[in-house]
């Protein structure tokens, strides 16, 4: 399965034009409100929400393509969390404006909410069910930015839990949804970092030749391309399985694999990209760091690679060795 | 502190002459008895044993230099376990012939004893103390070779425990002593693998030039040299601390660091050495594999790198963060 | 910006029944004690009777034309069968080369006579092939080979030495790459090479073992001294051997054998660690599974592309580079999570993995060569 | 076979009391709230008052000659002080360059007048230096610099642009490498360069911030337009600048700042993980400790060698290559063992480490350059 071609073309065209380094820079600590409006006007902030619920319709693969493109361009808007957040609002009206997703775990009295600093509503998922809160109604105990200048807030779990409508979805699913959005964003950003590095290796000269002619740089690029491709493959699998399987436990596991792989890829890809770019890539004026800082931020949000790998590992361990191969052949399953 | 220069010269000269690939090959599954006799005749099998106990005397650094040289040359004799095994026989007469070291852990009914297949006596260390058994008197339940063709045996723990004389030393110390011997052997073998790889990179031509001219190969060699040097440094620290500190808990920790580092180094050094050597290094006719197989075997014996790293990590964790730096500055401590 | 392309792809539903059939077959074989799962079986576990059983069950020569005795199914059907065989650690070295590349090569380049003579018994799992490519001094620089074929009455006389021919001592034939025009005359290093089918039992063939550090005799040196090869064993166009060989690389490099060689160890590791690992042990295992799953998807994308006429040489190189590193690392993780000495069967699998690992990242194009190919495709010049 | 040499070495017992003195001093400062331990403080935490306190306590300019106000102790005494300052995450960026290399450089190459003028206040922690080496297009290829000094009445006029001059906006001077003879005349790329002390407050100096992705303003671009430098600020022999710079590399590359930049995070990690980690978490922490301990030993060996007249350039490069990778990996391990969001102080240290890490393996010679140096010394040609 794949996303609608026209949709992909639309979002790519739009973001290529709008998301300049200057606008990313200007949006740090907040978001790019005019970009958000443009996306909303184009119906891109409600893809995946059925038309019957006031959304644009579209498949999970469409949703994934939009968020991946947002990641590729470093779009400074909470498009990922808005789109996956809306999927928890079944039966409720989906409010306009950006959403943030709160995973209300029982073991935390205070919940950090990525993008909470600019969202208009919070989708809070707890064991009591799903609650939709205007951000303005929430007691915010702390504010801050992630490494990429995307603003989070912290809110008491009890306040988030209040008024929940009972739901099949619990905090595990919300953690999974947030991780899914991050896996989409990261797959895109990883591609961008590889592209920037190839471009730089062809431009930059040292010791009288382009650094791309050094075997070590070539091998770095090959390794980076491999990690980015595999992270993309893991995401594609998660999209396929989450679209086609009715078993939400399977969804969690393929999302776990996608988020874990993406996080792993970040370590290698960011490290080698900065090594290739040298000092210039370390400055805040270079395009590279808009992507690498996002990747460092996103790999921590909604569970690090080791946390998600452990989710997958525990599931596999409880199934036993003989069950592993049959499970792997369902990720993705064969399709007609 | 360092080993006696003349001793180092003696053992190096002797092993350089005697330990040929042919003799290593011929000794697989057993040992090189004539090499053993030669070492014994030169008094090298009782260095570290006080002259009063019939040994040659000498320091722990002397002992370390002998075992490291044995590792460097892949000497197919149990010199390491014999020398460290003898240190447990305080007050007892040390029998002639090779010793093997049995770590009689309480959680194992059957104990695997490296080199047991050719040793004449077993030094068995249990919670009951130290026992010295002629190998012929032991009920051997299994025999096998490690990856390097060094023969082990398995013996019931109860048989090994019998007749122990009470001692301050327990199985932890014996595990440490065996690991110490392995760290010495590995430090030497790692150096050899680096040397062989440098040599091969200068000899072998591909695509019309020596492979040592490829930047990737150069960087592999640099990384290997770093790992080998650091493993050697960790060993030197263990020798210094075990010689100078009265606190045997400190001995365990520096041995843990040395064995853990050596094991870690093997993963990198062996992998890159074989990658540099290509197919030829994978054949059983090439000198390289006499060293790399030993390294793979030794890193598993008397505790893998992860087991020893965990010993060190648990000690550090129980001490707390503030205690780490003062501890590090004692490994090694300043000396007059 | 050039970017490698791994279009979303999945195996067709038509492969599902076949997968279950193979799985049933293997479950019975394991239950009957026909084999114990091992690592790296496609290179090392040579069992003609097991291969014949697979042939009889219809699991070999799947995509080959029915006209020559094949089953007329698809390359993706074969992919599924191979995945199952590898994942279960079945002994498949006997027919491996024959089924993966010699058969397709003969069907594509071989003479009609050769096809009729050889293919049916290959489908039956009764005739086995090796590869005659590398030479003592060629290494990664395959174009530097020196073996020759010179014309003689009714065919060719072959001379020279091939190395790293796996299972030549157990197999019937190899497809051999030789010079039919000397470099000086051919002009370019890659010109003037041709491929032949050669009978490994023919007079003038001397097969000498190459033992490897894992204690195996899988490889051989094959010395050819005036070995007669009949005319109808010429493959394809005379002098076109290099192009024919290169065209097969994507097939050779992209298969699931490039990341599944140590899968049986991973399955055993999960059982050895037990159902309640620590968070960190679970994370290590989970990450291996995540990597396997991701690579399997890329591998399927390559297989589908090949099946639909694409030639994803670079993508295949990428899968092989990443996959062979993964299959090596499975051994490293396993031996650290489960120390040796408590379970001989597990130790055996670890030993297989650790001692065979150096071969994983060398055979079929070293990882360094592969990374150079990938970088060029990415557009560094 | 050439082999790198790390002779067994330990710090002399005479350093022990000094170590305890520094430790006491730091414990009091931390207790007084003078600083909170941070990562990478030698680059980023510029605190003139703290440096002045260190000067007053006698911890700066330790090995420098008493004749010029130094303490006449040894380089190994300084080593111990620096280790303690780094391990405790103290704010030492102000005097860092001055104490590590500018002072020794002035004492070795500077004029008598310069020594008398500058050294006493450097010992007191009141005059701070930066480094004027890299240029916009030089990168790893330092010999390609283009800044110049031309003679004028009573001194020199400097022109050109230096980049990556850390703390130039906060410091008083830098030692700058410029061309005093054009490449064309000098003959060789490495010839015709000279070093000068330059006052960063002098007319014609324009200091522009270079902000880095970690949000810091540590670095600057320093544009020199006809900046007058008096004759007595020439360092060493005219035209000998390259040799002087290279001679300092072993000192610059081998210090404990090459593996201790993130030590405060490791200490915090141990507390955050608590006294009863799982086996696998303990193994991850223990391996970091084993690596630190091993590198510290190699570093001490280099320091002792330098102190006894050796020039272990390659060994220093090796310590830096391995040490900077380790200090980067501490951040990676920490963030995986302790997820963010539960402890702001810990998160701060992780953020320091993660976002500063790209600089670790670039500054002072990229790791790729270092590995090339090591390989040459090993004897690959």
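Per-chain residue numbering starts at 1, and chain names A, B, C and D are given in the order in which the chains are listed.
By definition in this document, a residue touches a chain if its C-beta (ideal position, glycine included) is under 8 Å from a C-beta of that chain, and two chains touch if they have at least 3 such contacts.
Bear in mind that the values here come from a model prediction, so they are computed numbers and not experimental data.
Here B-C and A-C were compared by C-beta pairs in contact; the pair with more is A-C.
Centroid distances from chain B, each centroid being the mean of CA atoms, peak for A.
Per-chain CA centroids place chain A at a distance of 38 Å from chain D. Rounded to a whole number, the gap between the C-alpha centres of chain A and chain C is 38 angstrom. Look at where the CA atoms of chain C average out and do the same for chain D: the two points lie 52 Å apart. Listed for chain B are residues 214-216, 219, 305-307, each touching two or more other chains.
The residues of chain D that reach two or more other chains are 279-281, 283-284, 336-337, 368, listed in rising order.
The part of chain A that touches chain B in the complex is made up of residues 214-216, 219. By the touch rule above, chain C contacts chain B in their complex via residues 134, 139-141, 163-164, 210-213, 215, 328, 332, 335-337, 339-341, 351, 354-355, 357-359, 361-363, 366-368.
Listing the residues of chain B that touch chain D in their complex gives 1-2, 191, 194-195, 198-199, 201-202, 210, 212-213, 215, 217-219, 221-223, 225-226, 229-234, 236-237, 240, 254, 256-258, 260-261, 264, 305-322, 324-326, 328-329, 331-336. Residue ranges on chain D touching chain B, taken from their complex, read 1-4, 6-8, 10-16, 19, 23, 83, 87-88, 263, 266-271, 273-277, 279-287, 289-298, 301, 315, 318, 321-322, 368, 370-372, 374-376, 378-381. Chain D contributes residues 278-281, 283-284, 336-337 to its touches with chain C in the complex.
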